[in-house]
Each structure stands twice: as structure tokens, then as C-alpha cells.
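The following pair of complexes shares a single chain, subunit A, combined with subunit B in the former and subunit C in the latter.
Right after this comes the complex of A and B.
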């Protein structure tokens, strides 16, 4: 196998992994801090994709339409996420995990129908600006030029979240809440407020990921049900609540999938589930999680 | 007295004139029902089909209607592309509007649901664009006719055309890319088996199975490109096919590897003229440009474009037009608008259509029409790409053997 093709396959895996990271990082953050297993996370990601399409169609005539639509979609989805937290999620903090799962699953179904009502069942397609319609050649390997943007966004979010958690006051509070929300509360920090903003931040990243995804292929109903399973695999592998874990988990899933397509296509998905199951058995708290949270 | 006689004479003349005019006005119309999915997933195709039907009806009525004396009156209904609504609307058309024939639908599910209703009320039923072969293969109704190449014919035609292209271009190896669910698996298996039969020199290099609803095809794209097959045969569900196409385009995939397996009617060729990758090997049902040498097609295209502001007719418009003309020739052969006579006349009838002289196959009332496979390419004659290097696969090379139909019907009875 030529190096160029292996490199091309590696880049596909990297992009796939970083797309998964964008979806899974919000999911992991919300679970890590709030202990809410948000099954509707991928549906909010899909809403982000549809919103991005709407903004893009309003500015379609301009080459910058896509670049403006993506952050707008992230903000609009975050606003929707904020409403969800205040109206619904706030009421289920103290519920059992299975109850939370059922409620967030119901939310996913309701939001799915909401998408159908607002945008209809037709697939939505964003026409990319001409600058990213042609392939780019790196070391002789053809790469979708938009994927460079996806990779940059993925790493930017990873670095941004790391900086936020490591160097800001609110980041420290969030990290502390991952380990002991009672202690954080005892210090007089308003936990409900922190929860609301963490949830909003998680959904902002989901909306951003949806916006980025909208220019990769057509935006269609049901996309969310596929990606949510893989996002869960990522957080299980990396460890719930761990940013580094989510990044590494995403890259493992992306690259394993990509190279399996090349060498063992029938087993591409199976391999990911085998790894997930193995991690759950050997190290239930994930590669970078801590037994305390497990 | 003279005045009274004259007055009486004028009165008699006026009355005679009135009755004559009334008699002409009262010429019995031929009520034609059109039940299509004007809303729902079939909107675009149904709208085009209706336009084709309307052009045919206008032409026929300009010459006095069917047999020159039965003007065609169209009753249009929306099935919403839903079987239950289709059944309800067709019943309305039959019972309220007294239609003698119904043209329906975009969705095969609707056509299958409507078939027994038409049979019960002895109304001619023409499936003009819905192409499940089960519309005519099993649960046979002598009142139901199909003027579109059915699903079996289209699948066989694709294999036949690929074999021809492979011989011509020296293709040896291919990769299959099929959605990982029942339809994708069974279609892929059928294609591979069929290609083994018609082109035994072709070898499958790799079988790829993206899951249904896959959103990230990049790994598949780069993987296929690294394998350098002579072509890819895709059996992807429609949405997945769009996603794959969109994700493969930025890699220049379609410039490098022939991609076989998608259906591109004139509707897609026009609406996606700017974005559709050139080089796709696509199948089509009734592209007008395949038969511009047939005077009836040339005339239809001219009249259609005149009526619809220069728009070119899609496959669906062509088949809608052909459905009306097939019915017209059935009525003429029967010498009557009586449905039983028309249905008997249409059985095995050879009809002159835009796609040439074609025959309804007696065993299943399926029109022995062609399928078309070509390579998406720009043509200076049209403002949209067409299917170039077009291969017309005749019914003789693509239809299901009669013995298999008999066997399927016997199995159905058990």
C-alpha cells in the first residue's frame, strides 16, 4: 500500500475522529459535571446542522455564507439548549440514571419531530463555497479541503476547553464540580447556575459540530441516531468527564474505523464496539477517567 | 297566416339548431382520473407527470378527443403519496367523478393499494411511473397496465449495461458499496450474481458495507481510491447516495473512478445541473434525448416546451404523456370507451409512443419498454448534463422470463 493512500486514510480517520470529538466533548462535559446522561445531545447537534442550513440559505448568494452560518448556528443552538436546561433538565438532576435516560430519550424523539415540522422531511444540502470544492493534495494524497477546517475547529475546541478548564476561575469550579459538587456548593458557589451554563456550553459545542457537519453531506432526519451511539463509545473509551479522554477516544474510534474500512471493512464497526466492551470490562472508568467518578 | 307560418318555421329551425348544438355539446366526455402524489415525497415527479398528461390531453382534445368524439376530461386528485389516501381518492374519482381510467402514482405502494379498487370497479388503471414489478407480476389485475420499466427490468438493465461498458473500456475489477441492511445486501448480491453471468471476466475486489444512514463516508472514499478499482457499483439507499456523492466530490473521486448505480432522471439532471458530478454512470427510465429521432417524441418535446416556458420534459412527463396515448390507442382498438372492451383491446396491444413502437406483454400488461444507462456528461445542445454514450437496454434483454411470473403467481396461490 502506497504511503499517500495510507496518509489519506489517516486524514479521513482524523477528521472523523475530530467530528466525533465535537459531538462527544459536550456530552462528556455535561455528564462529567452534572451527572446527566443526555440522550438528546445528538438531536441537538442535528438541530445545529438544520439551523446552519437555514442561516446559509438566507445568505446563499454570498461566498462567506457558510463561515458566518456555523457560529450563528452554534449560538442559536446554545440558546435553545439554555431553554431546555431551564425548563426540563433542571427538574431531573436528582432522578435515577434510568429515568434521566428515558426523559432525555423522549426529548430526542420530540426534537426529532420538531425538526420534521420546521424543516420538513426533505434532505437539506449546503453548497460549499468554491474555495473548498476542489481537493487539496498533502504529500500527494487527495484530501477534502473542507476537512482542514474541520481538523482546525476540532483542535481549537479541544485547546479552548483545556484552557478554560485549566486557567479560568469558572473552569476550576467546573473541574471541582466533576469530583464533588457538594463541596463546591458548600463553598457558596451557586451550583444550579453553574449547571445551566455548563449545559449551555455543551450544547454550544454540539451546535458548532452540527454547523460544521452540515457542509460535509446533506442534512437529513435520523442522522442523530447513528452518531449518538458512536459518541457514547467515545466517552466510554476515554472516560466520562475527561477532556483528554474524549479527544483520545475520538481519535481511536476515527482511526480504527478508517483503517478497518481499508483492511477489514466487514469488521469496521464491530472493532469499535469490541474496544468499547473491552474498556468497560477492564477499566470501567475509561482510559483517562478516574475510578472516583466511575 | 303567412306570418304565423313563417314564425312557426323559424321556431322549428331554432329548436332543431338548439337540439343539434345540445347534441354536439353533450358528446360524452371520457373522464380520466389522475391520482398522483402532488404532496409528499413524490411532489416533483408527480408535477412533471401531470404536465406530460396535460400536453397529451390538449393534443387529443384538439382533434375531438378519443376516437375524435370523446373529449377527455381530467379529474385530478392528490394521493399525498400515501396508500390509504390513494385508495380514498381513487374511490372518489370512480364513484363521484365517474372516471373510466385512473393514472397513478409516484409511489408503488399507492399503485399496489389502488389496483384492487380499480379491479373491483372495472376501471382501467395505468401505473405510469411507479415501477415495482409487483404491480403487474403478482395479484394480477387485467385492468392494470404499467408503462414504466419495472424494478426487475431496471436492475437487469444496469447489469447488462455495465457488462457492455466493461467490455468497451476493458474493466476487470470492481468494488461494491452497499448500504448494510436488507435492501442493500440483497441488491448487491443480485448485482454480483448477475454480473458473474453477463460479464464473467469481472472480479469483485472488495465489498464495502456502510451502515444505513452513514454520515461520514470519507474513509470509504479514500479506501476505494487507494484500491484503484476499474469502477464502483453502488447500492446505497437514496439519502446515503446523496451523502456519499457530496463527500466524494471534493476528492475528485468521480474524475478518477466510474461510479455506477444511481438513478438520474432528467429531473435530477436539470435540478442538479451545477452540482451533479460528471462521469457518474447512471440509469434512467425514459429520457427524452434518447428518442429525439422518433417524430412523436420530437413533437412532444416541442409542444411541452411551448406550454411550459421552454422547460424540457423529464422522464416522468414522458411516461405521463405515453400513458394517455397508450389509453387512446386502446380505446381506438376497442372502438368503444367501454372499460371491459378497452382492457381486452389493450392486452398485448402494440402502441406507438414517444419511445417507439412498444407492446404490452400479454402475461402481465407490462409495457415492453427500454431502460437507459449512460455517463453523466455536459452536452452543448442542452443547458444541463445528459447521459452520454447512452446504452438502450431493450425489454427483451431485461424483462423477467414468463415462466418465473407463472411460478410466482402459483406460489402466491399456495
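Right after this comes the complex of A and C.
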């Protein structure tokens, strides 16, 4: 294997890993704060991708169409997520684990079909603006120039979330809520409001990720099922509620997948599940998580 | 006299259901016989799942793995080695049980959400192994031509065969849940720490239960192959693992017959809805949300709380919710 080949494989693994990070960070945030495992997270990500396609097709003639569509898609998806939270998720805060799982699982089923009804079964493809049509040459290896953009967005979101959690008042509240919701509530902070905005923030990131994804390849039905399972693996490996863990977990899954598929294509997914299961057995709270509540 | 009356009351529901199950295929068209058959098989699957969920208080989101192992064992034995069906069934229970023993060994170390995720991860592991191992399992093509013996070829014949096997399975499950072992499980569900303090090896009981549940899931899966004439890797997917969860919640997880009742509603609804629309996931999702929001405790839970009759009570603590 020559270096350039391995390098381009590494870059595509990095891109894939950061895309997973964008999906998994919202999933992990929502679980950490609200203790709700959102099965519908990747379906909302896919909705973001389709919404981005729709915005793009409205402005198809312009070069800037894609760059405007991505933030618009993120906002639209976040608005939809906000509605879901207020209408449905609010009712199940105090319910048992299986009831919460069934509700978000039902949401995934419903949204999957809504996508089919609204956008139909045909694949959707965004024609990229000319600036990212040609590959970039890094160390002699041809790299898809859009990958650079995806990687930058991924790291930007990671830094943004880190800054939000570390330096803002609301970030501190969110971090406190991960640690002990009861205490935060006792301090007079309206927990339901925090929940609503944490959920909306998580879905915003998912929508953003969907928008970014829509220009990587064609957008197809059922893309979400693989991503949700891998995002679960990521948060299990990294640890629920840990931002650093989610980032490291995504990079592990992305790179392992990207290289395993070279040497043992059939076993790439199996390998990821083996890693996930091993982490769950040895450290159920993940690499960077802390063993808090069961 | 009163005791006898109580006994009758306790067993009335299963008896009535059994009699209905005996008579119905004689009076309905063949399509509905297939639906009834599906109800029986999925009902056994859900009842086996409920051993972990309703009785032991842990949510497994990967029982389809053992269902799939059972289905593939029977499928492979019948297609590749031409084994007779009645030998395949117990053998499928054994392979599914071995699978549950190996994977369950790790699962029972965890509780709550971690238990759910690990069972799901293992379920997906089994799914991808079956999905990718073309030479052995046929990959995403599945296995075709799993034909039942000639005397079971007609819809009615196979239905009565399923009814016999499922009835035996349900009776065995009932005896297990009513045994001291079953009561220990309920104790683990209601208070794990206290159960441990009175000297019970909780993990070992959970593992044994996991294996029993896996074996009966495997039995249900083994019935599915010859019924459908084929098996596909989808049988092991996490979406398929969601079905018994939904059935148990809908029927009432804290009653022995709850999952079977849930299977009746779910499978009927499926057959009815898919008759005129392709949007079954949408409909089932809406029903799922309504069931969780409007009838916690499931159908039997609601009937029980209104005091109509006592449908084989599982335990009292959780019923009072």
C-alpha cells in the first residue's frame, strides 16, 4: 500500500467519522440531559438532507444555492424538532424506559414514511457548485474538496459545543443537568424549558449534518437506519453525555470502518459491533463517560 | 366451591382463546388462516420475549437475533440436509439457546438502558453475520424452498401444527412463570438488591432466564421458516426486535397472555392495513404512540383494573401503577 492511497482512505474515514459525530453529538446531548434515547435522531438527520435538497432545487440556478440551503435546512429541521418535543416528548419525561424507547421508535417509523410521502422513493442528487467539483491534491493524494468542508464543519461544531458547555451560562446549566437534574430543578431553573431547548439544539445539529450530507452523495430512503445504529455505537464507545467521548468514538468508528472495508469488506460492520460490545462489557459508561446513574 | 370457581375464572381466557383458535380456520378464507398462523408464531415470540421484559424487568431490544438463529437453523437443516421438521424444532431451540447463553452471559452483567443497548448491539452483530455470510446463509437473498412435509403443505394443516407447537410452548412457559423460578424473576424485577441479600445469585437467574427466553424465541423462529417457505436476514434486524416489545406493551406485559393478545391486535392490524396502503410503518407508529400515551399497562392491564376478570396475573407490584 502506498502512502497517498492510505492517506486518501484516512481522509474519507475522517469525513465519515465527523459526519457520525454531527449525528451522535446531538443524540448524546439529548440522552445525557433528558435521559431519552432518541431512535428518531437519524431520521430527523435524513429529513434535514431532504429539506436541504428542496431549498437547493429552489435556487438551483445560483452558485451559492448549497451554502444557503444548508443553514436553512438546519433551522427548518430544528423547528420541526421543537414541535416534536413540545407535542410528544414532553409527555414522556416521567415514563419508563421502554415507553420512551417505543415513542421515539414510533417517531422514526412515522417520519420515515412521511419522507416517502413528501419526497417520493426516487433518489435525490444535488449538483455541486463548481468550486467543489474538482478534487484537491493533498500530499499528492486526490481528496474530494467537499470533504475538507465537512471536516471543517465537524470540528467547528465540536469546538462550538465545547465552548458553549464550558463558557456560557446555559452551557453550565446543561452540564449541571447531566450531573443531577434534581439539584438543577431545586435551584429554580425551569427544567422542562431546558429540555425543550436541548432537544431543539440536538435536532439543529442533526439537521445541519443532514444538510451537509446531502451534497456528499445522493439522498436516498432508508439511509437513516444504518446511521442510527452506528451513532448508537459511537455514543456507547465514547460514553453517553460526554462530548470528547463522542468525538473520539466517531473518529474510531469512522476510521475503523474506512480501513476495515479495504481489507475485509464483509466484516467492517461486524467489527464495529464487536468493538461496541467489548466497550459495553468492560466499561459500560464508555471511554470518556462517568458511571453515574444506570 | 369458591376455589373451583376461581380456578375457572383464572383459566377462562386461555381456554376461550384456544377454542376460538381451534374453530376459526374452519370458517374463514385461507388468507385469514395465514394471518392466524402468523399471530400464533409472533405471539409465542412475544411471550418468550416477555419472560425478560414483563417478568424480569429488563428490556431486550435484540430478541430477534435468537428468533433468527432458530429460523436459520431449521431453514439450513431442511434445505441442506433434508432433516425432518419435527427434529429441526428442538434442534433450533438448542442452537438459539446456545446463542443466548454466549451473548446473554455478557448482557446480564448490565441493567436498564445498557442492557437494552447491548442486546441491540448483539442483535445487530448476529444480523450482520447472517447478512454477510453468503456462502452459508445466502446473505441478503435469504434461503428459499423451506418446504414443510407434504401432509403439512395445506394452510389449515400447517396452522394446526403451529397451534399444537405454540400451545405446548405456551403451557411450558406458563409452568416456568408459575414455578419458584418464575417468582424469583419477579422478585428480581421488583427489588434486585433485596433479592441479592436473601442469597439469590441474581446474575445466574437472569442468565438462565435469558437462555430460556432465547430457546422459545428460537422455537417461534423455527416455525416461521416452513410457514413462509423462506427465511431472510430481516428476521434478525433491530426493527424486528421492536415487534415483541410493542406487542407486549400493547397487550399488557404484566399478564401472561398479554403478549399473545398484543400479537392478535398487531398482526390483524398489519394484515388489514397492508391490504390498502404501503404506509404500514406510519400506521403502526401512530398506533404505538397512542397505546403508550393512552393505555399504559396494556389492554389486559386496563381490563384488569376495571375488575372484569383476572387474566392470569403476573405480579401485583407493577400492576398498581
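Things to note:
Just so we're on the same page, the second predicted complex is superposed on the first by the 292 of 294 C-alpha atoms of A that agree within 3 Å, B and C clash if a C-alpha of one lies under 4 Å from a C-alpha of the other, contacts with A are read in each partner's own complex, and residues count from 1 in each chain.
The rule we apply is simple: a residue touches a chain if its C-beta (ideal position, glycine included) is under 8 Å from a C-beta of that chain, and two chains touch if they have at least 3 such contacts.
Bear in mind that the values here come from a model prediction, so they are computed numbers and not experimental data.
In the superposition on chain A, A:204 contacts neither subunit B nor subunit C. Of the two partner chains, subunit C is the only one touched by A:277; subunit B is not. Once the two complexes are laid over each other on the shared chain, residue contacts for A:269 go to subunit B and to subunit C alike.
Of the two partner chains placed by the overlay, neither subunit B nor subunit C lies in contact with A:56.
With both structures placed on the common chain, the touch criterion links A:117 to subunit C but leaves subunit B unconnected. Touch criterion met: A:109 reaches subunit C, while subunit B stays clear of it. Residue overlap on subunit A between the subunit B contacts of one complex and the subunit C contacts of the other covers 225, 266, 269.
Of all residues in subunit A, those touching subunit C in their complex are 37, 88, 91-92, 95, 97-99, 101-103, 105-110, 112-114, 116-117, 225, 229, 232-233, 236, 266-267, 269-270, 273-274, 276-277, 280-281, 284, 294. Residue ranges of subunit C in contact with subunit A, taken from their complex: 53, 59, 61, 106, 109-114, 116-118, 120-122, 124-125, 128-129, 132-133, 238-239, 242, 245-246, 249, 279, 281-282, 284-286, 288-289, 292-293, 296. Contact residues on subunit A toward subunit B in their complex (touch as defined above): 1-2, 5-6, 8-9, 11-13, 15-16, 19, 121, 123, 125, 127-128, 132-135, 141-147, 213, 216-218, 220, 222-223, 225-227, 257-258, 261-262, 265-266, 269. Within the complex, the subunit B residues that touch subunit A are 41, 206-209, 211, 213-223, 225-226, 239, 242-244, 246-247, 249-252, 274-275.
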